[in-house]
Amino acid sequence: MPGTPPTRFVYLGPEGTFAEQALRTVPAAEHGTRTPARSVGEALDSVRAGDADAALVPLENSIGGAVGVTLDEMAEGEPLVITREVILPVEFVLAARPGTALASVRSVAAHPQASTQCRGWLRDHLPDAAVVDVLSNGAAAAGAAAGEYDAAICAPIGAARHRLTVLADKIADHPDAVTRFALVSRPGPPPPPTGDDVTSLAIYIAHDRVGALLSVLMELAVRGVNLTRIESRPTGEALGRYVFFLDCTGHVADVRLGEALQGLRRVCAEVRFLGSYPRHRWSPAERPVPAPPGLSDADYADAAAWLARLRAGELS
Amino acid sequence: MPGTPPTRFVYLGPEGTFAEQALRTVPAAEHGTRTPARSVGEALDSVRAGDADAALVPLENSIGGAVGVTLDEMAEGEPLVITREVILPVEFVLAARPGTALASVRSVAAHPQASTQCRGWLRDHLPDAAVVDVLSNGAAAAGAAAGEYDAAICAPIGAARHRLTVLADKIADHPDAVTRFALVSRPGPPPPPTGDDVTSLAIYIAHDRVGALLSVLMELAVRGVNLTRIESRPTGEALGRYVFFLDCTGHVADVRLGEALQGLRRVCAEVRFLGSYPRHRWSPAERPVPAPPGLSDADYADAAAWLARLRAGELS
Amino acid sequence: MPGTPPTRFVYLGPEGTFAEQALRTVPAAEHGTRTPARSVGEALDSVRAGDADAALVPLENSIGGAVGVTLDEMAEGEPLVITREVILPVEFVLAARPGTALASVRSVAAHPQASTQCRGWLRDHLPDAAVVDVLSNGAAAAGAAAGEYDAAICAPIGAARHRLTVLADKIADHPDAVTRFALVSRPGPPPPPTGDDVTSLAIYIAHDRVGALLSVLMELAVRGVNLTRIESRPTGEALGRYVFFLDCTGHVADVRLGEALQGLRRVCAEVRFLGSYPRHRWSPAERPVPAPPGLSDADYADAAAWLARLRAGELS
Amino acid sequence: MPGTPPTRFVYLGPEGTFAEQALRTVPAAEHGTRTPARSVGEALDSVRAGDADAALVPLENSIGGAVGVTLDEMAEGEPLVITREVILPVEFVLAARPGTALASVRSVAAHPQASTQCRGWLRDHLPDAAVVDVLSNGAAAAGAAAGEYDAAICAPIGAARHRLTVLADKIADHPDAVTRFALVSRPGPPPPPTGDDVTSLAIYIAHDRVGALLSVLMELAVRGVNLTRIESRPTGEALGRYVFFLDCTGHVADVRLGEALQGLRRVCAEVRFLGSYPRHRWSPAERPVPAPPGLSDADYADAAAWLARLRAGELS
């Protein structure tokens, strides 16, 4: 029911992954149910079907890039909207059953993206260990707990859940790596503007890429709307046909962004609105970009007042 | 008083010029007073002072170009607005006192712009006549009537007023030449939109010409607003500082033009609104330019309705 | 040695995958050595180290999108260039040990991307079979051959190599799905222009995304260079910092593209050239996009000749 | 003959106007013949016919704007090129026959543009004098000398030539007003680049004004070419059809401007080159505008060298 806070949450499982850790930062989720899903598609479908109120799924990783399956699922099927973003530092640990010494580790289970992010550490500390690909960080921890591998690269929450000892923490080569998650619901009124919001869109443009993409960027630039993310994904029809995922600064309720959205609606083959929600500032260094000269909210208000005077025949 | 139709008209004199002829096409002027002014500045000042309700002055000629003094006067001083445009074919005649034969004409009085426009005819028909520059078409007719010159190049109305005989009509080299006049009043509510309107502006831009002028054109292009005229005039401060006079398709009350005007207000150093008024279509060949794909009024309405649904949380 | 045709080839293994199939379409590879690599990184590093002359790796899939690891490897480390593209229809088959009946299949091994692409077929024909994720199409075939699973989703070449029987072919939901592969070498003179070429680039732009990306597109649009692909990838520094991968129509030796490349070099933080090579047209429906009006090669030649006349003082 | 310095000069007469004063600042003209012409057209035609080597004509005035007749004559007929610009402060004086006292002046002869520029001075010092329009500054001085008027507004050179006494000098309301003149010759190799040059062009664009003019400005902006002047003039065909006169920073021999010129040639209906010549800096406050970031000559050279390496297969 619109307006009712969500109580039934689903997240990309298995248990003990970063997605569960991200969900636990959402206050309402602490008091609600938290159910793991086997895939992003399953998580989103349970929201669509009304079996869950909200799903927490990964959007992108600062090392690995966009999570294609989430983008594809958001762009197709019944519409869903993002109501919140959660940005989580990616802290990989090397975990093993209690009593295991680092020097004795001969095999390490890891999801390929995880072992890629820890390549430097592995080369320096376990040059002779065999790295075995598994299908998730949770599966790595489970395999180490079951004795299939000597150790696992996993999230701290995965080590805890499988009662593993942490042999080394913060082993990722990029210490600042983060993953961005989205809390996704069925359509409803967006959360109110906070003054520092993000609006996510999926847009489809005509075949002639330079001209059409140029038009899209001009619609944004002319209104001083900043793009903080642009990702392209194939539409599946043919090579060279894309849907673009944009994150814009601002809220659908803002005058400036409202005007830009109407412009995109006019020039794009299709625009799908994926939500307006507060920006999660995980670092004090990441400041809102100020509006360019002449494009602040005050400039918009001044221009609107001026136009009203013109229309009324008052030119003073 | 706003809303009261004008009854006291002033026009660029002297009597017997194209401006008087243009004024007589304005229905209200037939029943009001019509007073000639010695200059465009005098005509506009009498409107500003409240001594006249409206002034009819020339804006541009299809051969000679913009009438700089009118543009300068509109851009400076107390604001005035155009409420009507009148486009008049420029039909020059060669006129002389009754009894004069074309073959006997040895001197022709003409305003320099008039003799320029009839250069071909003069070369073919009066190769040996001396062309004497005078300061207006009306002065040419008056001089011929007074016997100072054998003949005059003037407007038909000038020949009639000075009781001259027309020795040859339509003597201009460009048979399609026209002059565009403006009826100018003190600020007030603009005439209602007709669906085929013009909006005139004077804009001042920052010194870096390429970037600033590019921004202005982008504000218009993004909204599909067509420019039918762009003239630059020096501001008088220094070489290289200009004010630009723009005629845009549309009415200040239109959504599309309203959005573009607000954009210009934000990116320009100054925008002076010079009026929205019905286009005078003097030729059936001059058709309204249709809006580019995605930029019709229907597209604007669709985008506005879509945005309203987004804001309400309805994504259907 | 530059100019010497490559004889030692490496490809993304294991044997029996689409990459091997793609490599066999390269004439020189039929007569050279073909060695599988365990990862894209390993394949490219063996070229960088001089242990192989060329590597065949996947670039993108019309369903799954860009192959991030290939893009990342091309953008970093010692420069490499693409000398050829190979586009291969993705034809998945369901394969099993000889004697297996479709009705008896209870478990299917598949790479997650493969099972995603065959989801509809599996739902219709094997609704009760368990789909088990494995790490490559080749591993799926090997697992089925070893009796670990009843069947495998794999490439035709994988079924053949592991002596499996094809129970069903063309089982992908998108019958037109293709994968695009690149043949990559150490830098050297590009293959000669053919009139229908692709140039690949990796570009880094400044933080302000709208303005900077707009500049990039303007550099291309002004020269009439068409973009057939644009992909963004995070640089790994922080969320919101991207490298863009562009595929442009044209060859580095062309005047038009040369001028555009110089423009990108000037406005981008960095441009990495990834090669000019003949376009592989896998479908007659995919035609070269003709140059926009005024931007054909003939227009370029005309403008260059005109400029030469101006500089020589001949204005004819 | 190309390369031969001009010796036969013509200028817009009559004698004693600013044009003669401007011509005397050209060193070669001091030793050559200097013949007044009755009109700009006559001056230019005598160069076209080979009767003169160069003509000095006015281009624009910082108060009155472009000299339309000069622009029109340059845009039509046999091509001519500007080889030098001369910028002259406009210093109007009030001159009368010797013995005349200011207080006794009852009639003042003046060209209308001159009296407009001195309106404030006349109102303050001669509020009761009649201002009589005449056809040139030279005619005003001649009329005062002949006793037809009590005084004349004219150039200092005009007072001297007609042996008039200067009753007041620097009487223009804008003390910084200047007029810009052009020295015009038959086509030939342009003067060598000086590092601070101007290139003048006349361009014709297609009917859709916003899009076409936007393309023109993009061609310039993308190459960092600055516009110091843009003037529109009707082509005479119909209202709304214009030729644009542009003054760009740079020389036709420059790489940057050469590339931009080729771009204009491709997107415009027609481009007429009107010359590259040294900028006349009449004020130390008017400095060359530095090239935008990434668009300096050094950036152009760097990009050209980089492209050459790419084409040679050297990527280092």
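So that you can tell them apart, the chains are marked A, B, C and D in the order they are listed, and the count of residues begins at 1 in each.
Convention: contacts are C-beta pairs under 8 Å (C-beta built on N, C-alpha and C of every residue); 3 or more make two chains touch, one makes a residue touch a chain.
What you see is a predicted model, and the numbers here were worked out from it, not measured in a lab.
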Type of chain C:chain D copy interface by residue overlap (half), same or different: same
Centroid spacing, where centroids are CA-atom means, of chain B and chain C in whole angstrom: 60
Separation of mean Cα positions, chain B and chain A [Å, integer]: 57
For chain A paired with chain C, centre-to-centre distance based on mean C-alpha positions, whole Å: 26
Residues within chain B bordering two or more other chains: 218, 221
Pairwise touch network: line, ring, star, complete, or other: ring
Pairwise chain contacts, counting only pairs that touch as defined: A-B, A-C, B-D, C-D
Chain D-touching residues of chain C, taken from the complex the two chains share: 2, 79, 81, 187-190, 218-219, 221-222, 252-253, 258-259, 261-263, 265-267, 273, 294-295, 299-300, 302-304, 306-307, 310-315
Contact set on chain D toward chain B in their complex: 60-65, 68-69, 87, 112, 116, 133, 135, 174, 176-178, 180, 208-211, 213-214, 217-218, 220-221, 225-234, 236-240, 242, 286, 289
